[in-house]
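Below you'll find the structures, each written out as structure tokens.
Heads up, the next two complexes both have chain A, just with different partners, chain B and then chain C.
Coming up: the complex of A and B.
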């Protein structure tokens, strides 16, 4: 693992080199002046002029600022909803979902591990800006700016409450997804977040049928289970969750004091409201203490065995790399285990490259996956251990609060709070307790 | 009054809300139905657009094949354009429908969602929390269940990892060390991959071969299957497949048969490019339009025809590539069979007279069909086939023609092949560049490529033959044997370098020699079989003739050796089986009942014989 200074150096070099990404057309296409034929774009979405990318970055900045203002200062759900619709239309349908902050994570990781890759400045902006805003203002990016969150938020019709145990179990998927996305990006294998973006086919009104079906299913589920992708799958959300715990300002249900009226208990479709917990349950104290001690001792064991299991998966994870897949195909052809040939194997043989060289390359790549597997598995082990520890620690709470990490800052809970109605002068303040 | 007024207002509000709710529900239902209908149409459209092989596309494909043999047919061209336009229009209409459908679907989904949300908002109840639940116990219980859920997740991940990690994976380090080349000599030895089998020697590595059969009574005949087109090439066997080629003046095909049933698995056309004003090829009846035997490397099968067309097919019958080397100038019709080394296809393309200087040895990359090396041969046209033999620790490619017997180094050819392909790819990339540095690199690369192509890979050569050379060379016991028809048998030591005419000719026997059949040797004796039926036996060490026997039959197929038995297939389809010894000793005579010109192929417990009309599999059902 590279030391921190190398990572910072890589980021700095990426920022400088991203200026080199402006390219000129070296082989201009023919001019069909007689027939006025328009050559279709080979890529989807097609490349855009540089200036639009900078406009997009400015729009992102403005949207984040506006979202933070609307969530924390104005506390206006309708305005947040309007911004959500705008973000969906602009970042989703207009920009066709690319570049998005979630996928930008992979570009950053790839640029750190591949010195030949210059990440564009806009991608860096899309990656960093939401993180910075989250650090200060909580998950306002998720509230009204992320197009994936926006589309799920808008289809939410009849939310049902997800049991806490299911919420905690399913959330592990996001950590696994993040670890795999980083591993594959670091090894230059694949950008899986982009490849399996469930809503990209909807934003582009074309694309893989499988992805369209996946997106459709998630939206169908999202009509009843609030934001399933954001809560259980989003790899960028994992980072946002941790930063949100440290945020200077955050969403509060009440604008001033909580009067424990309990009216907001079921107001959050995302299960992000924490009820008061004033007393330590005495009968559980001894058992909980023992459990906590055991989990703390188990934590390094989980990290080690997780790493060991992750490294053992190198045979499977390395298949994500095209060189390893090619080497396996060539091996099967050479040993007569398959009679099928692929375009890749045919193309390889046409190059005249030695098969031994290909095997060596594949072997080296697999070694990288073995090392990466240690880190991936160790990370998952750490996450699980910390989660178990977190579920064993009792936190005292006097008021109804939003979960620092899980609150998506949508503002739905505001209208349930009588203190909010007082603030908006829709209700008169009544002296004494409710 | 006031209370009544309040009640009336409340009733009005409820009525208005109720009617709005009904409107919202109605809008939701209508838009939902609309969504379903649009989805159904889009799925149908998607399914239809994914369909391949529509009537128009099939017709178009057939027309495209037809135009190759008649490129100037305007009517045909017009029909092709018409069907092409129809197919394109179909596809474009499907894309257009999909695009419009997606906009309709998006719009209807938006309406559906808005109306659903409105409907739900009209029915939303105010929050009314239940009194009196014990929060502490509930939260403790929830935390406990959550811990169990996370632990279950951990177990699922652990089990999944264990399952995936224990799956077998390819060890590239071992594979690299084992050097799994596609041309594995052990596999080649087990199969009959080219003309006269391993090393082109005509010797079967399997000794459990039948010694008795009768074509008339079908005794010992496992199956017999008609070959669609005629040819004099020999069967080639790899695993459970037998390959042949066949041709007539207008068609050239490669056939693949199943060894267990004789069923025709596939046939592939080698049509060649339109020849323009080239005159139709005329061939001698004895040679035919498909004389050269095909070759296989276990992954692909290659065939060459007297028109200069070469085709390559995979084992499923899919054509991989096809090319044309130009029609060879061959007096009796081109009939040299193909040879293989690693991924190289080796073609002895002898043509014209010695003085014409147009004979060549051509090496083609088997996977891509690229010509990677070719060299002029100082010989006239010949009808013998090149053979790749393992001599000591080195492979030699043996060729013979008038006047030279030349041995090449195929391993060096293979090395050159790799380098040439890399240079060719580099050249293609450099040609697109326009800067000065690239132009200079282009010139240097072209020079290096030329030097590589001219690199001499000859091992040795001997000037010892004249006339129409049709018998192929063989190697046995340190010596290469070649035949000058009706004249002599020459034995050349195979360890020479350069021109070995004066130094490495071990002996020459001038007792005569066959004009067509190639010799066979067990290392001690060498056997020659003349077309008229004279079988001669010579001593390998000194060339002394040991005995001769007139079999009183005509022979065009070369003799074969199985253990210590000679297999000699006559023109009438009679197999003479004789014991190798100090004199001719006939063991059996098996009649096929059909004329045969091609040499047989041998496999495990089987013999494959091509008659003029049918392919036979001789063997036992056990």
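Coming up: the complex of A and C.
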């Protein structure tokens, strides 16, 4: 009797529900009548638990605090190095390098421009903590906490000095990278910093070959040129540089007074030690003054030209957005310029969405890229202009100092200072002249 | 270590002002993101209704062995004898020989339940997320086989490589407390 009852019940239920059923159900799921087979449900293993994310945030806080203490108070390179190794292992290999502070920048930008996207609190913490610490203690995050910095710091074997013009020129790449990353994140096109993170494949011990090669090359260069990614590419480093200029405390080469012994002069592998400088010779001063006036006038021109060029590139930059790419493909297909269809265009046609709507969406996005291009290009023009102005300004210095922006707080210079040896009581203080 | 020059001159005044401004700006960023921030993390998942079962999930994942696997939602499976997700279209005999199977790695297990029903289970260790079975099941069956990101494997990259490659935007971020997007079970 049971099977019959089941069938009747099933029929009744399906009659009631027949109006509500949607989707394809070609073969009704069986009622197992002969056996008592229970229909299983699929397993759904959960993601990494939130509690680990909070642990990561706490570890970041502790590591930043410890790094600042070791760099500024203890002045101990070996301890800094130990923390660097720990950070590489924890934030790099254990945590697989994601989310990192550098990439979190894009999540923050994305959340500002996309009303639907809410940033997880841990991502906010990873973005803000290093910035706040930098405002107080300088770039101690770069020194010993950032896993990308750590891996490069550890491979630095034979540092060569980079000429000043190359250093300044290459650094512009980081500004361009930052501007592009912000543009792409703000338009919801891509997270380029993550896509081209050079060391992520090494941290994960798997990944695309191209990125692995990129990372390998950077590490190879990094054996001779100190921390190439940090100095010339890192978009987060750009922000840290500027905040570090204002930091309350900072790395000083000497623990107390500079005795002008020149021993530290070549000790920085990142070219961040500034020599004492007296006044410019009158002749040079006159030329520089004229140049500065010219550059100040040129600044608005550079900003405008940059913005104009940036917005003119919208055809190229907007291709980063998938909707634009899809609309372009559909346009080619509709106008008969191509026979080939892509998965994306087939998928789009299957949704039954109007082509006109798609075109409209794409042109809206292009307009965003045009506007964003003005800002991006203007920003790059401004950076170039300010850089040129900075090169024409003479800053008087009496002592050997670290460059506030460029100093990565690695602590390599400490041991070169004789005053440091006195502080550590490895050397007796000599009265009188040095 | 400490900045000793507590002299109030124009440069220090400007610097302190700028410093305070930067701190305030960071506060604003924190506030703006806290206004709508999420306690939970976000994870990647595939919307099965947007997925077109291309094979990119199998190849674009940064993991050697993709985090995307096929899921069998038994509740909408027809338990067919001739399963279009299991057998090659041209299969003449409904036997579990490799030559008849659609799955390139033999990850689907076919077990007899009762006449005429068979149950199909996915062996996740073998599944590579190529979606061949998904295509078959969607075309000729109930569509009970579909792809999902398995969160015990997924590294939750900030930018998912598969999401970048996905042609239909089926990859999206979902709250970590509801990490799966299973198809709806419509029948009673």
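Observations on the model:
Definition applied: the second predicted complex is superposed on the first by the 387 of 434 C-alpha atoms of A that agree within 3 Å, B and C clash if a C-alpha of one lies under 4 Å from a C-alpha of the other, contacts with A are read in each partner's own complex, and residues count from 1 in each chain.
Everything below uses one rule, namely that contacts are C-beta pairs under 8 Å (C-beta built on N, C-alpha and C of every residue); 3 or more make two chains touch, one makes a residue touch a chain.
Computed from a predicted model, the values in this text were never measured in an experiment.
After overlaying the two complexes on the shared chain, residue contacts for A:252 are found with chain C alone; chain B is out of touch. In the overlay built on the shared chain, the residue A:276 is in contact with chain B alone; chain C does not reach it. In the superposition on chain A, contact of A:169 is made with chain B only, not with chain C.
Judged by the touch definition given at the top, the superposed model places A:350 against both chain B and chain C.
In the superposition on chain A, contact is made by A:366 with chain B only, not with chain C. In the superposed model, A:78 makes contact with neither chain B nor chain C. By the touch criterion defined above, A:206 reaches both chain B and chain C. In the superposition on chain A, contact is made by A:39 with chain C only, not with chain B.
Comparing which residues of chain A touch chain B with which touch chain C, the overlap comprises 27, 206, 346, 350-351.
Residue ranges of chain A in contact with chain B, taken from their complex: 27, 154-155, 157-158, 163-169, 172, 176, 202, 205-206, 209, 223, 262-267, 275-277, 279, 281, 284, 302, 305, 309-310, 312-313, 315-316, 327-328, 331, 333-336, 339-341, 346, 349-356, 359-360, 362-363, 366, 377, 380, 384, 387-388, 391-392, 416. Put simply, chain C touches chain A in their complex at residues 1-3, 15, 18-19, 22-23, 26, 29-30, 32-34, 36-43, 50, 52, 54, 62-64, 71-80, 113-115, 117, 119, 138, 140-143, 150-152, 154-159, 161, 164, 167-169, 173, 176, 179-180, 182-184, 186-188. Contact residues on chain A toward chain C in their complex (touch as defined above): 10, 13-14, 16-17, 20-30, 32-35, 37, 39-42, 44-48, 50, 53, 72-73, 96, 98-100, 103-104, 106-108, 111-112, 117-122, 124, 127-128, 131-132, 135, 190-191, 194-195, 200-201, 204, 206-208, 243, 246, 248-250, 252, 322, 342-344, 346-348, 350-351. Residues 46, 98-99, 102-103, 106, 113, 116-117, 120, 127, 129, 135-137, 139-140, 142-143, 145-154, 157-158, 161-162, 164-165, 167, 169-170, 172-173, 175-176, 179-182, 187, 298-299, 314-316, 320, 343, 365, 367-368, 370, 417-422, 425, 432 of chain B are the ones touching chain A in the complex.
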